[in-house]
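Heads up, the next two complexes both have subunit A, just with different partners, subunit B and then subunit C.
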Partner chain A sequence: MIHFISKRLKHSLVLLFMASVVCFTLVVSAPGNVAVLIAELRGAVATPGYVEQVEEEIGLNKPLLMRYVDWLGDAVRGDFGISYRTGQDVSADLANRMLVTGILIAGSAVIATLISLALGFLGAFWPYKLPDRVSRGLALLGASTPTFFVGALMIYAFSVTFQLLPSFGFDGPKSWILPWLTIAVLPAAVLSRVVRVGLEEAMTSPFVLTAKSKGLGRTAILFREALPNITPIFINALGTQVGLMTATAIIVEPLFAWQGVGDYFLAGVRFRDFMVVQACLLIFLTFFIVVNLIVDLAVLLTDPRIRRQWS
Partner chain B sequence: MHDQPLLDVSNLTVNLLTAKSAVRPVDGVSYSVRQGECLAIVGESGSGKTVMNFAPLGLMPTGVTTMLSGSVKLEGRELIGLPEAEIQKLRGKSVGFIFQDPMSALNPVRRIGRQIAEMAELHLNMTSKAAEARALELVKLVGISDPAARLRQYPHELSGGLRQRIVIAIALAGEPKLLIADEPTTALDVTVQAQILRLLKDVQRRLNMAMVLITHDMGVVAGAADNIVVMYAARAAECGPVDKVLVSPRHPYTRGLINAIPRREDPIGLEFRGLPGIPPTLGAPIKGCALAPRCELAVPACGNSRPPLVRSDDSAVLVACPVVNQGKAAA
Partner chain C sequence: MNMLNPILARLNKMPRAALITIGLFVALGTFAPWLAPQDPSTQNLLDAGLGPSAAHWLGTDHLGRDTFSRLIIAANTSLVSVGSVLGVAMTIGILLGTIAGYHRGWVDDLLMRVVDVGLSVPSLIISLAVIGIVGPGYWTMVLALALAWWPMSGRISRAVAVSIMSKPHIEALRVLGASPWRIYFGHLLPGTIGSVMVYATADAGTAALAVATLSFLGLGIQPPTPEWGQMLVDALPYLESDPRQVLLPGFALTMAVIGFNTLGESIALNRIPKPLTRRMLAMRRAEVASWSKEKSDA
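And then the complex of A and B:
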């Protein structure tokens, strides 16, 4: 157990290091001269002399390796530098935005889990009957509708037509519902199939015959016998979906005028604000790695067979 | 009333319909088991032993339509035609089941203690605490050492023999009157087989249960059973007390089976002495005697009509072979 955790932690650290190299390289190799950009943003004429001055100021004239070490050293301490565009501290901006994106992803993950379990169980309880077909149809629909379109539909239905929920902004739980639902649709659809297929497979296992011979009913067998068997698979799939939510956040945050990391990233890309892009990328990748670590540990806790391999 | 058998099966026929096929794995079989008695059911693979015992209790896999006719009475209560909800109440409570493969019969991600205790909660209306205590008793009863630790373990942490003991503990947890053990030792190590069989026999006697023991192994029959039903191609070929049937088998198929048991005086490398040929498929009902193509006593009349299971020269033994039975008349 300890062995597994320490191994997984080391693995994650290596991944984090690789992620930082990727972030740095991507941004350094992006086209466009940052110094010129900054000079222009400051309203100065980008004379070669001034550009040189800017380069020196932000350390662009140093060798690449030095720049990487500097950047990483700062990043590890939580300092992501100054936004080229606004001159603001990137870390200060990010702190706030991470909370926003955190709320977005956490809420969506909970909703996706609940919806997918409900749909999956419905299908598994009445396999190939109407509830199963409805559940499958919804999953197909949910998985094939682009997220921005889902968001637009949500706004149209709940804000414009019924005027139940605000269509944008980040103030209070009521304003969180639509963004949550928007992001949750795709993972809920995908996960509902994981639940449905996993349960069906579990229900054909020989131990289900034992369960039946004990006098357990269908509901008890589904919940007590089959569900614990799909928990590890479900957690795995949920982890992947939560990781992917960072990408969806980039689309959904601007749609609902949320100032989260996704929105920040998008703005950074648009204005070639590389400090911001770099920081956001690193945050996303770190999130991915941490989620994977949590998933591995959770699987370890829910599957005694795997736990045994590592004890 | 006391003389009434606990399980009374008469003229049971089972038809199975799947999307692809229709078979009749049980064709007009009758037998009965009394309290405290052990009945062995033997026969080749595919002769319908499992279906015959599981189908009337609703234990068929999904995707198969089961059609039952005849009569199966448990403590005088007719099971055929009983709604599934009623049969569910009997499973675990009146009838305990033991399966062939203990490796797959237990849920891999649930603690053994829970898997036993839930039976006591369900059938004896115990609180979960009382049920845990009952689980501990049961695990001791089936001869497992360090019982408290076992209850906290998961199935994969135990050996096959221990797992089969757990399966037996589960089967006993509802205090059933009848145990149905479907080849309970086949999947186990030879060294463990005898132990498990002894345990089964021991609890059956001690708790005075009736037991149906499905097996391929004549040694098992001799050691554990009071009566025997020999199945061939969905039908009963011969049945009677074990000491009589094993000592002087009458039906040609039973003779073949017993003849096939390796003997101590066999020279090493002796060819297997089984019956030649293979059993028929169970797709279409067979008109005459199902054994006719493989039977050395067969006469042309054997293909005409199905031989009835009737008393032989020993009134305790029933044999479905007119040739053998008439030999008795002639003698």
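And then the complex of A and C:
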């Protein structure tokens, strides 16, 4: 058990290191001179002398390896430098935004889990009957509708037509519902198929036959025998989907005027603000790695087969 | 006609609705410039925001442009972009995948590690990062999406290449003294391309979605070129007064994606008979068998 955890942690550290190298090289390889950008940002005319002075100041004239070490040291301490566009501290901007994105992703993960379990169980309880076909159709629809269109439909239905919920803004739980639902549609659709297929597979295994011969009802078998069996698969798929939610957050946050990390990243991309792009990218990659780590540990807890393998 | 029969038989086994949708999308995309009844970028502010009429079948947008024509031209934009994205991505993926499958060893390990990382990061984040570094533009978008898309075809072509390389005829070629070039270009590459193409069609839906998403974010297709995602974001401020302009491009895009996704699902379920290569091999075998029959007849 401890062996597994230490091995897994080491693996995560290697991945984190790789992620930091990718983020660093991406910005280093960007075309154009950063020093000129900064010099112009400060309102000075970018004379060769002044550009050289800026280069000296932010350490651009040091060797690449030294620059990487400096940058990594700062990043680990939570200092991502200043934005080239606004001149503000990137870390200060990010601190608030991470909470917003956190609320967004956590809420929609819960909603996606509930919807997908409901749809999946519906399908597994009446396989190949009407409920199964409906849940299958909904899954195809949910997986194929573009997220931005889902958002537009939500706003049209709940804010414009019925006027129940605010169409944008971040104030209070009432304004959180629409973004949560918008992001949850795609993962719910994908996960409902995972639940449905997993349950079907579990229902054909020998232990279910044993349970049937013991006289257990269909409901009892589904919840007591099949559900624990698909938990590890489900957690795994949920982890992937939570990782993907960072990408959908980039689409949904601007749509609902939320000041989150995705919105910040998009602004950075739009104005080619390399420091912002770099910081957000590093946060996204770290998030994937941490989510994967948590998923692996959770699978270890829920799957006795893997637990036995490692103890 | 005889030539067409096996193809028709194959198409018959695929979901009919998906084929019709995809056929419609491809036909509209290909012949869009001739099909569009009006110029998609002619503005007429006096006719702005109209409902459906004889002159404008699906009404006009906030600048008075004909929505029906714009929707059709957008199919063309989408088709061309998806084609070039998948083309570039498959070229990179097949080249690297076959090289990994041919060499094995550390080249294989390294490339597959890169592919693993590429597949675990959402494609939108990869392509946005590339656009953020290089700057927006049509070809940047194609390049950025291709960079996010190649790991998929890379992994498939590597798997196919490995299975081809372990076949007896490759060993026989080696014994005959065939050069690596001959094995690679004559036998490995043609064999891989066929199977990867089949999977790529299943990917076309998500690629179309990605193009639309980038355009929606204002970093893909730039106005005034009509594109579904960009039309949608264009009309979004007028959602309350004129929801039709938001809903129509959204539904068009969703239809296309559903078509490709259904096709992809049927490919994944292996409802499509064997990949091109294996079919060609079977035909060849049948031909060779018929030779010996002719010989014994004579």
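We adopt the following convention: the second predicted complex is superposed on the first by the 311 of 311 C-alpha atoms of A that agree within 3 Å, B and C clash if a C-alpha of one lies under 4 Å from a C-alpha of the other, contacts with A are read in each partner's own complex, and residues count from 1 in each chain.
Rule of thumb we're sticking to: a contact is a pair of C-beta atoms (placed from the backbone, for glycine too) under 8 Å apart; a residue touches a chain by one contact, two chains touch by 3 or more.
None of the values given here were measured: they were computed from a predicted structure.
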| item | value |
| --- | --- |
| Partners on subunit A (subunit B, subunit C) - clash or fit | fit |
| Partner chain(s) touched by A:L281 [first = subunit B, second = subunit C, both, neither] | second |
| Of subunit B and subunit C, the chain that contacts the larger number of subunit A residues | C |
| Computed vertex angle (subunit A) for partners subunit B and subunit C, CA, steps of 10° | 80 |
| Which superposed partner A:Y156 touches (first subunit B, second subunit C, both, neither) | second |
| First (subunit B), second (subunit C), both or neither touched by A:S205 | first |
| First, second, both or neither for A:L216, with subunit B first and subunit C second | first |
| First (subunit B), second (subunit C), both or neither touched by A:E225 | first |
| Which of subunit B and subunit C A:I5 touches, first, second, both or neither | neither |
| Touched partner set for A:G268, first subunit B, second subunit C, both or neither | second |
| Subunit B versus subunit C as contact partner of A:L301, first or second or both or neither | neither |
| Minimal inter-chain CA distance - subunit C and subunit B, angstrom | 19 |
| Overlap of the subunit B and subunit C footprints on subunit A, listed as residue numbers | none |
| Subunit B-touching residues of subunit A, taken from the complex the two chains share | 203-207, 209-217, 224-225, 228-229, 231, 302-305, 308 |
| Residues of subunit C defined as touching subunit A within the complex | 117, 120-125, 128-129, 131-136, 205, 209, 212-213, 216-219, 229, 232-233, 236, 239-240, 243, 246-247, 250, 253-254, 257-258, 261-262, 265 |
| Contact footprint of subunit C on subunit A as seen in their complex | 18, 26-27, 29-31, 140-141, 143-149, 152-153, 155-156, 160, 243-244, 246-247, 250-251, 254, 265-266, 268-270, 272, 274, 277, 281, 284-285, 288, 292 |
| Complex interface listing, subunit B residues touching subunit A | 57-59, 61-62, 88-93, 96-97, 99, 101, 104-110, 118-119, 122-123, 154, 156-157, 167, 170-171, 174 |
